[in-house]
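Shared between the two complexes below is subunit A, which pairs with subunit B and subunit C, respectively.
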Partner chain A sequence: MRVLLVDDEVEYVSTLAERLSFRGIDAIWVSSAMDALERIRQERFDIAVLDVKMPKMGGIELKQIIEKIHPDMKFIYLTGHGSEHDYQKGVTDGVSYLIKPVNLDKLMSTMNQAMINGGS
Partner chain B sequence: MKMETEAPTDIGLRYFGKMTAAISHELKNSLAIINENAGLMEDLSLMAKRGQQLDPQRVEDLSGRVIKQVQRADTIVKKMNRLAHSVDDPIKEIDVADLLAFTMELGKKSVSSLGVDLQMTPPESPVRINANPFLVMNLFWEVMGYACTRVNGAPCITISIVRNAGGVELVFAPVSDAGHDGFSFDQAPFSGLASCLKAEILALADRKALVLTLPETV
Partner chain C sequence: MSIVEKLKPVFLEYPATGEGRYKYTFNYRKIWQMVIMLTAAVTLIPLIIITCIDYNVTQRSIESEISLRARRTASNTKRAISFFLSERKAALDFIIHDNARKALTDMDRLSTILKNLQAGFGGFMDIGVINDHGIQVAYSGTHNLGGKDYSDQAWFNKVVARGVYISEVFLGFRNKPHLVIAVKSQLDQGAFYVLRATIDTDQFNEILSSLELNGKGDVFLINRNQVIQTPSRHHGDVLSLVDIPVPEYSDRTRVKVFQDQKMEQYVVGYAYIPDTDFILMIVKQKAALMKSWYATRSNLIGFLLISITVILGVIVFVTTYLVNQMFFSDRKRAKAMHRIEYDNKLATVGRLAAGVAHEINNPLAIINEKAGLIKDIFVFREKYSADDKLMGLVDSVISSVARCGTITKRLLNFARHMDESFQVVEIGTVIREVLGFLGKEAEYRSIEISVEVPNSFPKIECDRGKLQQVLLNIVNNAFFAIESEGKLSIQVKQRDEKYLTVTISDSGCGIPEKELELIFEPFFTKKSDQGGTGLGLSITYQLVEEAGGCIKVKSEVGVGTSFIVNLPFKPKPRKEANTCESF
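Moving on, here comes the complex of A and B:
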């Protein structure tokens, strides 16, 4: 599984990527929506884990753009503390919405589930 | 479209709620980093038990990261405490630059999500006024929010603090509506707060600026 992790908290996203790589997952991380779009245009990913709140462009808006580039990609939203609106948006989009700090096993099972069920 | 005037208590509660939500979001991020670093130490320790070499420098770096996040969380909690105590005194002597810097710091995440940076040009010497600190912060925030949605492509808004004869002026610039040099300004959303603080907000379309004036004593 090839995963793109997008979060403006560099220490968080880089550590998460390292821990996922120990578990056999090819995890690439970037710290902004702009960097994510650059990677998405160059490489293929199976799934993206998106932070909902980021400077300039958040995960919900980023997902809409990525979907136009790679309609088959799956998504998971991850956030520090979601608002009811963000949660409802995740529900409407049919995307799993995880709250930080997240248990790594839970994240991995949610990613596997999204790959099986769609998650987008 | 004319917007309705909101009671200062309602607008104040909304501001308090928004700031505490932003603080809790920041704290969650800090906790998440601590959680991942602890998890990584556990992973490395398990790998060492299976015979893989463990670099002591790596462990030192990871514990350093955790200490840094604890300090970050402590700073966040101090900010929360200052916000909470801003309602203690109905009137207090305020250093305008200091309170504006604090308001900007509290709302940094919310503002950055709009893709705008805020900068302050402080006065040559401290300007102090006597007013309700929470209401002043609330008014700063409302004007900042208004300005940030009217940048018309500008990446940054500068807030200049200038002493005037009767108090202080805060000049927010550039502010303009999309596709125009000037902007239409409706006082209504600010009028309740402005009236409590005897403040005035003036739109200077030709200078692309919004000027908030506060008296020395309310």
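Moving on, here comes the complex of A and C:
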């Protein structure tokens, strides 16, 4: 399972990637939407964990763009901003929504769930 | 709202001016008084003035009518009396001219003349001839008065001087009221004689008594010494003094108003009868004459009083109604203003909390992951995995972060309520969320909190934020009431198909009975020294009402207070009446 982690908090996202790799998950991290798009064009990923609020482009917008490039990709939102509005949007898109700080086991089970359900 | 409530000046129950920023826009008492006074003045003063003018004009016209009528009667009667007397005087004149002196001293002739006079005029009692020495030389009549000397009597001198004399009424030795008419006949060389006749007053009285007079009227003659000459109905006997003063002399008929000793007023029409001492008096009781006026007057005054009452009533009613409406809308406005203020404050606090939570969440997530990584390294490299102490430390860091995470999530959840939307919520969850913030405080103050929610309690549809606010306000109040060591219990029950009941009871100090009515009033607070605005419960009340529920309070001083909140499972359409009264 190849995972792309997108979050503007480098310290956070890098550590998360490292921890996932301990558990046998191939996790690549980038710290902005632009970097993520660049990476997407070069490589294939099964699932993307997106921060909802990032400078310039947020996770929701990013998801819409990635979906056009790779319609099969699955998504999970991860955010420190527990806004109801975004949450509702996440649910209607059929995307799981996790709030930081997140338990790593929970994140992994959500990812597995997304893979099984096909993300929708 | 019943009519009585509409009429009740509600604003009088409140202080004339509020304090500080809760001041009312207007001083309603003053407005109310001013409007009533001004409106009453501009409507009632003209009414009263017009009524007074009408009163005076009518009274004066009635008085002048009365006076005119009295004068006319007096004048007519005066003419009748003068005519009566001059007729008799003329008769005596005729006798003098028709008979030589000698013939008159003839007793037979004189008694024939008397008989003729009695037959022709009536009322003649006797007739006599008196010579220039005052001696009655001939007499015919019921008494034997021949030879009587009148020379020293006043009337004789008067007749000598004036030629004619009409006496006052007197009893004389006949003991019957009568009067005397004497006519002087001039002879040659200064000699003269006097023809004297006595007339009884019956005919005289008849003229007067035949007059029909209204207003307890009375007509009689008096002399200039106030002595009654002819019978009077109400003012004394013949030859006694009349109770009315002698009116001043006038050659014409006049009308005057007199007052007797009993303060009763009389309208007196009077006339001095020429060539006599008689004064004709037509006396009417003013009160009796004015009777019809008094009826009109009481109608007028009654109408005025009724009008004043009705006008005042309408003014007071309308003013009270309008000022009440003003007062209510002003209060509503003040309430709304403070609601907005409160909401803004709350929103600010919410945003601040959310901001803080966001900001903390990110570093918290980093700590979480870093600690996780440390643990991972320990676990996966197996170098330190056996070191329980190290693992324990890392676990403690991770669990502390998890605790912080719970707090920030809670804060974020709480701050979310700004969106006005209905959600399906579990009441138990909401209660625990609210209590989550107060858990530590409860622990410090030894407050035992128990929450009872039945298993698989139906979910409710409501505005989560508002529900939180309602519960938080009530729980905060309960915490305030319990100083330390006490119990707070929250019970949720299904009331019926439509409603659930949340009972929040504390074992605090309780609320005195007279304050119970006031606690939902805006700005009522006992915590002003601790930053209370007095808005918490009033907003709670409003929120519950808006949700279609109702809130009640039971309290006993020293025992505790229970707030009972009834809420519908589903929000009600706005139009539907609130069924709070049914609880």
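In the analysis below, the second predicted complex is superposed on the first by the 119 of 120 C-alpha atoms of A that agree within 3 Å, B and C clash if a C-alpha of one lies under 4 Å from a C-alpha of the other, contacts with A are read in each partner's own complex, and residues count from 1 in each chain.
The working rule: a contact is a pair of C-beta atoms (placed from the backbone, for glycine too) under 8 Å apart; a residue touches a chain by one contact, two chains touch by 3 or more.
Predicted model, so just to flag it, every value in this text is computed and none were measured.
Student: Overlaying the two complexes on subunit A, which is it for subunit B and subunit C: clash or fit?
Tutor: Partners clash after overlay.
Student: After the superposition on A, what does A:Lys68 contact: first (subunit B), second (subunit C), both or neither?
Tutor: neither
Student: Does subunit B (first) or subunit C (second) touch A:Glu18, or do both, or does neither?
Tutor: In the superposition, A:Glu18 contacts both subunit B and subunit C.
Student: Taking the superposition on A as described, I'd like to know which of subunit B and subunit C A:Pro55 touches: first, second, both or neither.
Tutor: first
Student: Report which listed segment of subunit C has C-alpha atoms clashing with subunit B; options: 344-352, 470-478, 506-514 or 542-550.
Tutor: The overlap with subunit B comes from subunit C residues 344-352.
Student: State which residues of subunit A lie in both footprints, the one left by subunit B and the one left by subunit C.
Tutor: On subunit A, the residues that contact subunit B in one structure and subunit C in the other are 9, 11-12, 15-16, 18-19, 22, 80-81, 83, 99-102, 104.
Student: Within the complex, which stretch of subunit A touches subunit B?
Tutor: So the residues of subunit A in touch with subunit B come to 9, 11-12, 15-16, 18-19, 22, 53-58, 79-81, 83, 99-102, 104.
Student: Using the touch rule from the top, collect the residues of subunit A that touch subunit C in their complex.
Tutor: My answer: residues 9, 11-12, 15-16, 18-19, 22, 80-85, 99-104.
Student: Using the touch definition from the top, list the residues of subunit B that touch subunit A in their complex.
Tutor: Touching subunit A: residues 21, 24-29, 31-37, 39-40, 43, 47, 65, 69, 109, 112-113, 115 of subunit B.
Student: In their complex, what parts of subunit C are in touch with subunit A?
Tutor: The contact residues of subunit C facing subunit A are 357-358, 361-362, 364-370, 372-373, 376, 380, 401-402, 404-405, 409, 412-413, 416, 419.
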